[in-house]
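We just call them A, B, C, D, E, F, G and H in the order they show up, numbering each chain from 1.
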Amino acid sequence: MTAGDPGYVDLGFARLDTHRVARTGDPEVVFAEGKTAEQTVRLLAELRTAHPERAALATRLPPGTVDAVLAAFPDALVDPVARCAAVGPLPEAVGTVCVVAAGTSDAPVAAEAAFTARAFGAGARRVDDVGVAGLHRLLAVRGELDSADCLIVVAGMEGALPSVVGGLTGVPIVAVPTSVGYGSSFDGLAALLAMLNSCAPGVVVCNIDNGFGAGVFAARVARQTARGSR
Amino acid sequence: MTAGDPGYVDLGFARLDTHRVARTGDPEVVFAEGKTAEQTVRLLAELRTAHPERAALATRLPPGTVDAVLAAFPDALVDPVARCAAVGPLPEAVGTVCVVAAGTSDAPVAAEAAFTARAFGAGARRVDDVGVAGLHRLLAVRGELDSADCLIVVAGMEGALPSVVGGLTGVPIVAVPTSVGYGSSFDGLAALLAMLNSCAPGVVVCNIDNGFGAGVFAARVARQTARGSR
Amino acid sequence: MTAGDPGYVDLGFARLDTHRVARTGDPEVVFAEGKTAEQTVRLLAELRTAHPERAALATRLPPGTVDAVLAAFPDALVDPVARCAAVGPLPEAVGTVCVVAAGTSDAPVAAEAAFTARAFGAGARRVDDVGVAGLHRLLAVRGELDSADCLIVVAGMEGALPSVVGGLTGVPIVAVPTSVGYGSSFDGLAALLAMLNSCAPGVVVCNIDNGFGAGVFAARVARQTARGSR
Amino acid sequence: MTAGDPGYVDLGFARLDTHRVARTGDPEVVFAEGKTAEQTVRLLAELRTAHPERAALATRLPPGTVDAVLAAFPDALVDPVARCAAVGPLPEAVGTVCVVAAGTSDAPVAAEAAFTARAFGAGARRVDDVGVAGLHRLLAVRGELDSADCLIVVAGMEGALPSVVGGLTGVPIVAVPTSVGYGSSFDGLAALLAMLNSCAPGVVVCNIDNGFGAGVFAARVARQTARGSR
Amino acid sequence: MTAGDPGYVDLGFARLDTHRVARTGDPEVVFAEGKTAEQTVRLLAELRTAHPERAALATRLPPGTVDAVLAAFPDALVDPVARCAAVGPLPEAVGTVCVVAAGTSDAPVAAEAAFTARAFGAGARRVDDVGVAGLHRLLAVRGELDSADCLIVVAGMEGALPSVVGGLTGVPIVAVPTSVGYGSSFDGLAALLAMLNSCAPGVVVCNIDNGFGAGVFAARVARQTARGSR
Amino acid sequence: MTAGDPGYVDLGFARLDTHRVARTGDPEVVFAEGKTAEQTVRLLAELRTAHPERAALATRLPPGTVDAVLAAFPDALVDPVARCAAVGPLPEAVGTVCVVAAGTSDAPVAAEAAFTARAFGAGARRVDDVGVAGLHRLLAVRGELDSADCLIVVAGMEGALPSVVGGLTGVPIVAVPTSVGYGSSFDGLAALLAMLNSCAPGVVVCNIDNGFGAGVFAARVARQTARGSR
Amino acid sequence: MTAGDPGYVDLGFARLDTHRVARTGDPEVVFAEGKTAEQTVRLLAELRTAHPERAALATRLPPGTVDAVLAAFPDALVDPVARCAAVGPLPEAVGTVCVVAAGTSDAPVAAEAAFTARAFGAGARRVDDVGVAGLHRLLAVRGELDSADCLIVVAGMEGALPSVVGGLTGVPIVAVPTSVGYGSSFDGLAALLAMLNSCAPGVVVCNIDNGFGAGVFAARVARQTARGSR
Amino acid sequence: MTAGDPGYVDLGFARLDTHRVARTGDPEVVFAEGKTAEQTVRLLAELRTAHPERAALATRLPPGTVDAVLAAFPDALVDPVARCAAVGPLPEAVGTVCVVAAGTSDAPVAAEAAFTARAFGAGARRVDDVGVAGLHRLLAVRGELDSADCLIVVAGMEGALPSVVGGLTGVPIVAVPTSVGYGSSFDGLAALLAMLNSCAPGVVVCNIDNGFGAGVFAARVARQTARGSR
């Protein structure tokens, strides 16, 4: 922030924080839910201008916004399951985040987490449908767990998977409860509480369905780990 | 219930349901918490009179009541961890209930479940401290799980153990959440919700810390199973 | 699980647990809610291949999926109220599950419970609309209660029926709260809490509207009871 | 309220509403919990002065306050289980309130309800320990239910008793949930929600453990009913 | 209930309790929400047959069901705001219920309460929009409050009206919280809790939006009061 | 209120409190949600008649009602984001309310607050998108904070902004939580609880999304402050 | 904050914010609960040093700390009901805060509010025990309400008083729910929700039992109002 | 786990998981709350035997257990505020964890976090009392934040500190809500929800008061980061 740069761009409907990358190493991101398609496109364009060296990320894209983004940025990378778009060159992948999901219905959250981790500069791979009711599926991929720099474990219903993974490996684990379930799952509350009370140490938790936040955090841990080791 | 027998004994402070054994196969039980030692002793004596062939059971004994029960019934069988007493001959053990507990702090609930199952006519054995953070402890006892007629799985904190056990065996599972934990465990609520949302089918749930209820139910299943097979 | 068989089939969107029947005696089931019709049909086909001797079960079928299932498997058994389909030969019915429902609005959950119990190898019969506000309706069917191997008791609103049934019979009772009600029923929470606090021993509880889970559990108890007695 | 009478007595720590009897037919009552013994005695004395024709009532008496009340008013009528005291002549009993309690632990709330109803001018009788797990105990007293002008039904745990009573009689029913229970009873919340969702019409509800409020309401109904019929 | 009459009519989808009027003085009522129009019409017809002397009542009528009811019973009395229908001769009005509502948005619940009270044999009148933010509106109708045999007080948001009314009159008060409000009203929870904690004695509470239950209860009190006084 | 004026206008569906301005200094306001367009127009017309000197305010206008208001009152001032309309001359602006919003999605609540404050006679200005994740945006507008007579601080998600503002200035702060967020924000509950527990003294709180209430309160404080200083 | 003054004093166990008065006009305050008596005395001494012109305030004093404060500062002003102490010269009283309390049990919170308002530079007076069950008590003091610059309204149980006061006067109202009550008051939650949903505009809310926060806010409003008018 | 080593030691009351270090890199830890002093000492001794190269850690030591630990292991390192003990040689400190606390009352949780991080092999330093009501205290230590490998941010009440820190730095942040507060903080729930909904990306959350879990997680991240960089 200098005399001529307040550290943000005032767009009338928003003050885009262009100084964030200087403080935190990563630029601001567009949360598209609740914004018009025009607002999201405008914000992405401003981010491209402010940070030409790194892809601008938008999450929680409503269906109509996806089309508007692709019309404005034909080269945008879009994942419809993750509801995410990245516009511009992805950063080099440094370190590895592994996203582990309990059930097939958790896929949107797992996809958002993986897309975000990659857009924030870490490599990302996924392991799906390894819920605790069939442990052999999880045990078959232990090598993938141990070789990651950070794990994201996504589960709905009773949210037991992070505890079991936490007993199998010492890799840092970010647990993400999902709203998958019904009745007394209370839209993800049951999984959230379970993960917060994990008997396995080394499990930390994000908001329900917050694949984005888990992706940011895990990418930072993975980048630190891998950059250090060079 | 006949002309001269209303099916209960009116003790002034209580109407003891002496007809319950005819309806359900099992006599009434004394829940001693909140009762005076004198009331508990009186009720046990009435149960002994009404059902001389089978031990009378009292649960949730306050410390002072334990002494009063032993003074009144020197032959009483008392388990101080389970806080239970049985007065009179235990029924023959038919079938087997296996009580599996996640942590050492779950012991009082596991003990109450096992004591109750035995007093209700099933054999009872226990497997303790096999929480999901160290799966090998549980896998080492798979044979004990499969050979039971009914399982009671006791856990606090995130309550993940019933889901994992439910993926390993088809024996009916009664899950009991405990109030072990702190903070967002909310006195057992986290474990309760987790168990109600188990991704493993075949898991049913009791109230928080309700080892007694689990013991009654499991004993009935075990007795049915084993009696049938004779 | 052998060298050539990892115990699951990796379909990309799911890892179907084909080993479950070996561990638990029952194959995996398709929870169709949140899945595309194509995914449900594909999973049913895989289950048919893996377990040709026993019907594949799908629950919580969205309306469009019902048509897709019938198109793919013209012989499928479909219950539109239960929202369930079974594809392939039903197992022999061993033992009897009786599903008791408090009100007419509880019918979908009761139907799901009965359909599941039958698909899991037990006989299933139903008793409907015997809520506690007219006890004579329940007392008129006491014989049906006592002759079952396991009872499933379904109720919404205040959820009082399992307690009353639990005072009338010693048959194991699985209580299922439903989301029937309004206002402070909080989508089934009132009934759930009531059932968890039943003053009648021998009552265990499933998640709100979880007829499937109750059906699996009750079928296992009924099969054990009846198989033993042969 | 006239020029010289503001309708209340200002005691510094309280403004005693001496005009209430003119508006509602009943004088103010002392809720002694959280008050010093001196304050309770002072308020009772003021009530005696303001309403010499009718007993002053104090509820929720702490143990020490009981002694202070008896020292100040040797003729006071005190019920230690109900934790209530009445000082002065009880009004004539008009009509009948019947207080029905599910379990022995509900006795303090039932006693408070009965004491209050009597102090508010209705006759009061009690029926204890007729919980729904042994329906014959309740059916044995149906005559007592039908002959009352208003019923108060007190229950903890799952709070099912008002629904069952509501199916047996058309007498107006005031349900009082109690904090009796543990775990997911959440200090009476389970019973409260159950009673609010009763499937039997004609059931209204008071706060948890609020025997006083139920007693006031029921006495008013009973007085109306009986006075009318003279 | 005699040898030939079980006390109910088994319609397949429902067991209509035809014996209720003998036990409680009032026949069963059709709760139409969640039922098909055909089911509601069928149940009304059965009620007409079983109780030709008294109008059959249906509540919570979905819009389509209103038309079906009017087609089947052209003389039906229908209140579209109350969503209620009465088929057959209304009973003589005995005693008076006064329904007091805090705001204009509470009208549907107030209408349901008044319609029900009338159908259950009491006279019913209404006082609307007298919320506590303008006390003079309420004070202007004090005469109407005092002359009723029972009051129903309906309010959403903070639910303060029953407390204020309870300080003005000794007529029994049934409070009905409504789901009117937003944010931390939590669909009527705020009003419900407020009414349960009323500082005015003599206030009892129904479920959120339960005008029907309040109407039944209040009619019974009013009938008792007025019948007695003849 | 005189002999001929009861202090309200009875419109059948509503009792418009025309006396409120005499008691509180401000006339009644139309909360249009849940009312028909006709009712809202009618109430605005009555308010214009009763209070010709001051604009009538309607809030929470449904889309269809906006058109009806404009048709009836072509000169009405309408803010579609705020969903508010003012009909008639705005009062002189006395004092200044500054509305500070954390994110772009909080705009509707901030707009409602500003519109209301202006309609209640204070000047209103806005500062948007100054959430705590980029503090420099807030620090850049400290002068605007300190020069206001009352601040309204609007935030969703974790609701941290009022605490930070409360540490920067001594101007009275009214915090408004919004329902912006997902998962464990529980529709604004997280922000509400955070604001109630602010570690900065001098922060008071309104209901979730209640920009109207904040605007009324802040305008009164600003008017008092500025009027005094003349 | 200059080169030599970081704006705080680092005491090892605390960083006392000595710069707060420059930012907000008021110095920091000692919240004594959870602190040792020594820590509280030390912080008061530091506050006296940093702000010799104005009394240092400590709230929520544990009983033992009261003695320690009086020993260290014999001239301290202590209110044992409010559990507050002020050490040093009170600021001139500018403007008037009136603290209105619903019941006698609300006295500690009302006293804390009044003590704080005075210590923050406003005049403070109290009106006690004017709950809504006896409106004449409140109407008798309307003049005191209207003549204040800011009102603090304290109530437990159903928390209805702020709504009623808000309908009587246009003076800004800060509502403080208290934990007075039992059962479904849930330690003040019922009153909190009621106040947040007040139908009277112009009511803002503090945390449960937070008389301190209300006092700070109201003093600031009163000071602004009165200073302006000089 | 070999033929002769099951991977755990069966102590009767516990199955100590001696294999955990091989799976996760860190040995098991003794949670002493709810255990007898003898059990804690015994478990520490077993851990010393199984892992002689690394200190055994016990947390949540009851006062009496501290003495027993010191008697058994005179060289134990004990922190009474953290309620932790380490017996044996601490591992080399690799990388740096910085524990940031909002208020003085958060000290026990911050101390537990720092003690655990050190015992798990990271360096640990603390920054206390830098709550958001005085931002300059936090801004003064920005260098300490940026130079850490992982941050633990501890706060009660509204839990705003992690969001503010998350806007200032890109170092991974583990937020720990504490139970500090009263009223609607609901024993830490307000802070927990706030942290889960942080608007700053890169914030993950632990259970209320769970300094231990945060310490384990942060130490792992710090070790990874620093080991890599050698």
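The rule we apply is simple: a contact is a pair of C-beta atoms (placed from the backbone, for glycine too) under 8 Å apart; a residue touches a chain by one contact, two chains touch by 3 or more.
Everything numeric in this text was worked out from a predicted model, so none of it was measured.
Trainee: Enumerate, in label order, the chains that touch chain D and chain G alike.
Mentor: Both-contact set = E.
Trainee: Suppose chain centres are the mean of their C-alpha atoms. Which chain sits farthest from chain C?
Mentor: G
Trainee: Of the pairs E-F and E-G, which shows more C-beta pairs in contact?
Mentor: Higher contact count goes to E-G.
Trainee: Name the pair in D-G, A-B or D-E that forms the same interface as A-F; by residue number, over half of the contact pairs must coincide.
Mentor: Most of the A-F contacts reappear at D-G.
Trainee: Counting only Cα atoms for the centres, state how far chain C is from chain F in Å.
Mentor: 52
Trainee: Based only on mean CA positions, could you tell me how far chain G sits from chain H in angstrom?
Mentor: A distance of 37 Å separates the two centres.
Trainee: Go ahead and note the Å separation of the Cα centroids belonging to chain B and chain C.
Mentor: So the centroids are 26 Å from each other.
Trainee: So which bits of chain G are touching at least two other chains?
Mentor: 20, 133-134, 166-168, 183-185, 189, 192, 196-198, 207
Trainee: So, with touch as defined above, which chain pairs make the list?
Mentor: Result for touching pairs of chains: A-B, A-C, A-F, A-H, B-C, B-D, B-H, C-D, C-E, D-E, D-G, E-F, E-G, F-G, F-H, G-H.
Trainee: Using the touch definition from the top, list the residues of chain A that touch chain F in their complex.
Mentor: Chain A reaches chain F through residues 1, 6-8, 13-15, 17, 19-20, 28, 33-35, 39, 177, 179, 187-189, 192, 207-210.
Trainee: Quick check on the complex: what are the chain A residues that touch chain B?
Mentor: 102-103, 131-135, 157-160, 163-164, 166-168, 181, 183-186, 189-191, 193-200
Trainee: How about chain H: which of its residues touch chain A in the complex?
Mentor: 20, 23-26, 29, 149, 166-172, 174, 192, 196-198, 201-207, 212-214, 216-217, 220-221, 224-230
Trainee: Can you list the residues on chain C that touch chain E in the complex?
Mentor: Touch residues, chain C against chain E: 104-105, 107, 128-130, 133-134, 136-137, 140, 180, 182-185.
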